[in-house]
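Both of the next two complexes hold chain A, though its partner changes from chain B to chain C.
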Partner chain A sequence: MRKISRILMTTTAVATATICAAPVFADDVKVGVVTFLSGGAAGPFGVPARNAAELVIDAINKGDLPAPYNTAGLAGNTIAPVYVDENSKQKNADFQKLVEKDGVEMVVGYISSSSCKSIAPEAEKLKRLTILFDCGTPQIFEDIVTEPHYTFRTAATATMDNVAAARYLMDTGADAGRVAGINQNYAWGQDSWRDFSASLEQLAEATEVVTEQFPKVYAGQYGSEISALLTNRPEVVHSSFWGGDMEAFVIQGSARGLFERSKVVLTAGETAMFSLAKQIPEGTVIGARGPHGDLAPESDLNTWFRAAYKERFGSEPTYPSYKMAQALLGVKAAADKAGSSLQDDVIGALEGLEWEGPSGKVSMALAGGHQAIQDTAYGTFKLAEDGSASLVDVIRYDAGCVNPPAGVKSLNWIKSGFDGATCN
Partner chain B sequence: MTQFDRTELTLFAALPVLVLLSVLLPSWIVNYIQVSLGTGMVALGVMIQMRAGLVSFGQGLYFCIGGYAAGLAGKYFGITDLFALLGLGVVVALVTSVALGFLLRRYREIFYAMLSLAVSMILYGLLSSTEELGSTDGFNLPVPTYLFFAPEGETARLTLFAITATIVILSAVVLNRLLRSSLGLVNEAIRENELRVEYLGTSAHMAVHMTYVVAAVVSSMGGVLWALALGHVDPEMTNWTTSGSFVFIVILAGTGSIIAPLIGTFLLEILRVYAVELSPNTWQMILGSVMLLTIIFLPKGLWSLVQKTSPRKRFDPDTGDAVAKGV
Partner chain C sequence: MLTAIAIAVDGLGFAAWLFLSSVGLTLIYGVMRILNIAHGGFYALGAYASAWGIGLYMQTGNPVGFAFLIIPVMALIAGVVAGLAIERGVLRFMYGRDEVLMVLVTYAMFLILEDVTKLIWGTDSYVAWQPAYALGTIDIAGIPYTGYKFLIIGVAMLCGGLLYWGLTHTRVGKLLLVVIEDREVSMALGINVTKFFTITFLIGATLGALGGALTAPEISVVPGIGAEIIVMAFAVIVIGGMGSIPGAIIGALIVGFARAASVHIYPPAELFSIYLVMAAVLAVKPYGLFALAEGRKI
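Let's look at the complex of A and B:
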């Protein structure tokens, strides 16, 4: 017994010592970086985003980035990242801990829309600059925080992906008389399908939804859903599947000829483009939730990002990596513009800011300068002669063409026939 | 029954301490205490069932029912009064648990665990596919008011904490009474030998049913308080991982005292926070190792450390220690 109590006392002592010894660095800007580091979303999203954060933060600190980001630090101050796992039941308490105990100057993070919904009001309450880098729900600034001051989102909403998908089908002359959808039965899948089907209804002359499949997320087996898609003979199949589910659907669907019979649109297909190059049938329409990855326009920054990422992590950066890089570069651009890395100065500079990310220009145009819009692009998958994956027939859409104007709710905008859209 | 036992006196003493701490400690720790009080209530619900040898792997069901009842009342009827929301959560949980109890009271051991899990996952499935309720994203709750009192800012935070602490402490005292009452003792007898309980003329079904309903009510109160502190509910509240974590807490803390799950919840939370800080990528390994060590060295939970220091407690029938040989 005494031995056990001694063990326990030692453990307690060590734990207490760790608790008390919180490291403090002078002149560093502490930045909380919150992504999924465990759980189902870690592999496809959280870890690529964290990798990008490590890479870009190191490069910012060293001043290694191409122009115009080739000065070291945030207005000269080194970034000290604090990584936190988004996979937690007490996200708000964790956020508060980051702000109050760790004393971060700002928080960059949050992949799940559920996290964003609960964090956005918390950020306003605790008055701490919070940059949502990935989550897609348009509700954040439309319903939840209608007058943001501390909350920003440097990623476009999910609306953009699906409006652009519908436009791409029209512009490539696809038949869209009979449409079907297969989306995961949770917020992301439901929202994606709602936006896509509503957009198509506006754009196509006569379109009919022949079947809507909503298997549950992480199901992995889509036998019966694929049968339903085959028997209903749709001309277009829309899917917002991501990660492992999307890969499983591609493998199972292509084996049964679904991709030959219908034009399949994968709005988040880009993450599997290289790993499944042999399985994805040619002609599949592929999106990357923005002009990321292979859809990113040529630029020095993009070239640097791809090469540096591949060298450090051994794989191509996918869109979550791009989005993280985009958010961090936005912070750098704002801090450099303000000449300061203090929260209030960064907020002032970030509002309505335009900057170049690895996937092109980003502008904080909506929600009073707090919500980003950017161009987007879709392409059609093609396997080149040498067996490498590529996208052809890439069409780029102006930000103003696929995003609602300031002050209009996404779904209302779609239903109004894209009132005020400016397409080139 | 009018006399307070040591556990109750400790609980009463803890209340002013908690309130004092909420002013003294940095607010991020207070926040963790507050959310732990909410989830701790659910752990209490799991614990009182465990006293009867029943492991509920679906206690998240009532945690979620409480949270959603409060959330929906706020969203659709504009109710922001904490007591009204709490009452509503309790009523919904009460009705659901009385109905489900007729089914669940007939099962024991793994069948009870699996059936409770199944019911909670049905709710999870329903909520995840309901777009009107925000699906898996859930929705946000209003800031609570208290009868005619609508504080803001720092006062609001402290008020919610003080009220949460009071409700949790009072519930814990009531539950402690319940464990000492004939129902509590019958539950322990059920765990030991259900057949004999029936021979002695008591209905085991009835005792299990009542325990199930009490556990549900406590959990739903935890759900309301937790959701109001967080300001957001989503179906994750009734997912099996959430329910599993409540079982985890009770195993870690032990079933020796009503205080154990409350403290256990907070300790586990703080342990997780520092594990994440120490190693953001592999914090689960730290948590897992602690669990493993606890189970190996303290098979009756952390509470056995406290109990061993007070020998008088060993033969106290209230704690169930004297009968618990080799269980």
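Let's look at the complex of A and C:
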């Protein structure tokens, strides 16, 4: 009996190991992919990003992508992804394990600004190419790693989202005399509100902040905050809430008429516009942290990405998926340009690189060629005649209009009256 | 004046939610001396089951009224099934062990429950907003509040009242109070303490699940919501005195009003205010406001 159980256990262990371990060949490029696979950010962000990583990596390996990415692999080498959960109390230790034990050639990942703040210095210390694909705080290259070599960010910062949001309000003629904010109490929320309120100060003739609310991330209950917003009667309410927090805010705020009384701006609202189409009142201003999702310009790459994603996962890709695709295509463009997937070659090629993603052109224009800028867009939520969610009055902003020039800190640029902006 | 009214209503609403989310935790601690970290898992299970059940029902196109029945039914199923599995499957083998060890055991159970919810419902968010919208809004001094918020306040009062009545006016409740007072003497008197442990754990688990199930229509149910509630529930029962039902009521009210006041008067101190109140209470009453006096045992 004991012998039988031992055989069964051994067989199970071997079978499990066989199923779980993907084969890695000598000239494979191991790439760590880090997103939220558990916790509150997994559903709206981490899993769509991981899905996009699976889709794009498979397509890169097979050479199935539209031109100019229709050659297989990274300079001919197959990508072997190693997926890691960002929802960890020991992010730096997980990163070290990826580099030192798993031996990854590069890491693509990190959604949370808090994660990026701790990983960027770690990447420089361990000298491993790390591509931050989503997090938004401008602090990464303005305050934390001011002379990056190994760290890149292929997504624009929160400054772009919030300058564009303020410009959109002005361009659509919204009253912004009384403004309020409800943002999460960490780097992302604080930086977003700082940039938005500072931008409005520059753009609007007279604006007054009537209340600033900073509930903790994942709070879920916003009854008191919504009452505070209602009692202060703002004309504009700004929120950079994302994921479950944003969805809870929409449900609770909409039920209490907040969205009818004030013009609500959701800078990361795109991830919920389909699932909460009946709760988001028409007139809500929606952003996608770049020209992603419904705001993406038409192109062969975008058409392929949307169709392939929907066919494989059964839903439309939202902006975290777009941003992951953007990062991986940036890596491919750099490796193909360098003719090598070795770290130093990819770093050299990626600095200052321009490439086309599913959301249009991306330029590594800031932080010595390590920080991306791109065009962006905002729209106003409207239910189409068939009851589906749509964005109308879409306004596109040139990258040079909503991002600071190289060498200038975001807040200083805003306070200078957007000195040098292409749309001034 | 408007701010004062808003603080009062918001504080009461938040306190009701806190009480529903923490009363099961304090009940289990009072009877079993187990700080049940898995309580967060029951809350999450209740929320998922409720959101899922309401979602399925609403797809049938029937009136929303029946969805209000789905909430307690799902909470009961989630609480009883998960509570029974944990109490009978794990905890009963560990009664009498050190309290710290039991914290670790229930933490392990919490992690398992988190994974179970992910296995069943995946990582997508679930929204079941229909009941939260169905009762419309009630204007108080020009501020609209959802009728659903008052329903939660009513359910919290009902639960508190039923628990009080059950403990003080029924034979089982009186025996339970004896167990809370002294487990060893209860056993010596012939009370089947193990049976009371099972019943208490099931009631506590169901109350935890009810907290989640009632909250589900107001929020987006996402992975990780159980971890958030356990910290807040712990603050409530520490303020009130661990194991005390009146303590949970007072603790929830103190935290609810402190947070609402902070949000309206000085928002940056919103989170700090809760722990400031907790520290202030513990500085004066180290075992909480309603902690039971314990005789020294030789």
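Just so we're on the same page, the second predicted complex is superposed on the first by the 399 of 424 C-alpha atoms of A that agree within 3 Å, B and C clash if a C-alpha of one lies under 4 Å from a C-alpha of the other, contacts with A are read in each partner's own complex, and residues count from 1 in each chain.
The rule we apply is simple: contacts are C-beta pairs under 8 Å (C-beta built on N, C-alpha and C of every residue); 3 or more make two chains touch, one makes a residue touch a chain.
Everything numeric here is computed off the predicted structure, so don't read it as measured data.
*Asks:* Once the shared chain is lined up, is A:Asp336 touching chain B (first), chain C (second), both, or neither of them?
*Replies:* A:Asp336: touches no partner chain.
*Asks:* State whether A:Asp375 touches chain B only (first), chain C only (second), both chains, or neither.
*Replies:* neither
*Asks:* Now for A:Glu316: first (chain B), second (chain C), both, or neither, which partner does it touch?
*Replies:* neither
*Asks:* Regarding the shared-chain residue A:Tyr218, is it in contact with chain B (first), chain C (second), both, or neither?
*Replies:* Touch status of A:Tyr218: second partner only.
*Asks:* Once the structures are superposed on A, label A:Asn185 by its partner contacts, choosing first (chain B), second (chain C), both or neither.
*Replies:* So A:Asn185 meets both chain B and chain C here.
*Asks:* Could you look at A:Asp294 and tell me whether it touches chain B, chain C, both or neither (first, second, both, neither)?
*Replies:* Touch status of A:Asp294: no partner.
*Asks:* Once the structures are superposed on A, label A:Glu235 by its partner contacts, choosing first (chain B), second (chain C), both or neither.
*Replies:* Once the two structures are laid over each other on A, A:Glu235 reaches no partner at all.
*Asks:* For A:Pro121, select first, second, both or neither according to whether it touches chain B, chain C, the two together, or no partner.
*Replies:* The answer is first: A:Pro121 touches chain B but not chain C.
*Asks:* Just to be sure I read the superposition right, which of the two partners does A:Ser275 touch: chain B = first, chain C = second, or both, or neither?
*Replies:* Second partner only.
*Asks:* Residue overlap on chain A between the chain B contact set and the chain C contact set?
*Replies:* Touching chain B in the first complex and chain C in the second, residues 37-38, 185, 214, 216 of chain A appear in both lists.
*Asks:* Per the contact definition, I'd like the list of chain A residues that touch chain C in the complex.
*Replies:* Interface residues on chain A, with respect to chain C: 37-40, 42-44, 46-47, 87, 185, 211-216, 218-221, 223-225, 227-228, 230-231, 243-245, 247-248, 251-252, 255-257, 275-276, 279.
*Asks:* Spell out the part of chain A that touches chain B in their complex, as residue ranges.
*Replies:* Contact set of chain A toward chain B: 1, 4-5, 7-8, 15, 18-19, 37-38, 82-85, 88-90, 92-94, 96-97, 99-102, 112-114, 117-118, 121-122, 137, 139, 144, 185-188, 190, 194, 214, 216-217.
*Asks:* For chain B, which residues are in contact with chain A within the complex?
*Replies:* Against chain A, chain B makes touches at 26-28, 31-32, 35, 39, 125, 128-129, 131, 134-140, 230-232, 234, 236, 242, 245, 269, 272-274, 276-278, 280-281, 283-284, 297-298, 305, 308.
*Asks:* Quick check: in the complex, which residue numbers of chain C touch chain A?
*Replies:* Interface residues on chain C, with respect to chain A: 2-3, 6, 9-11, 13-14, 17, 114, 118, 122-125, 127, 129, 132-133, 137, 143-146, 148-149, 215, 217-225, 227-228, 259-260, 263-264, 267-268, 270-271.
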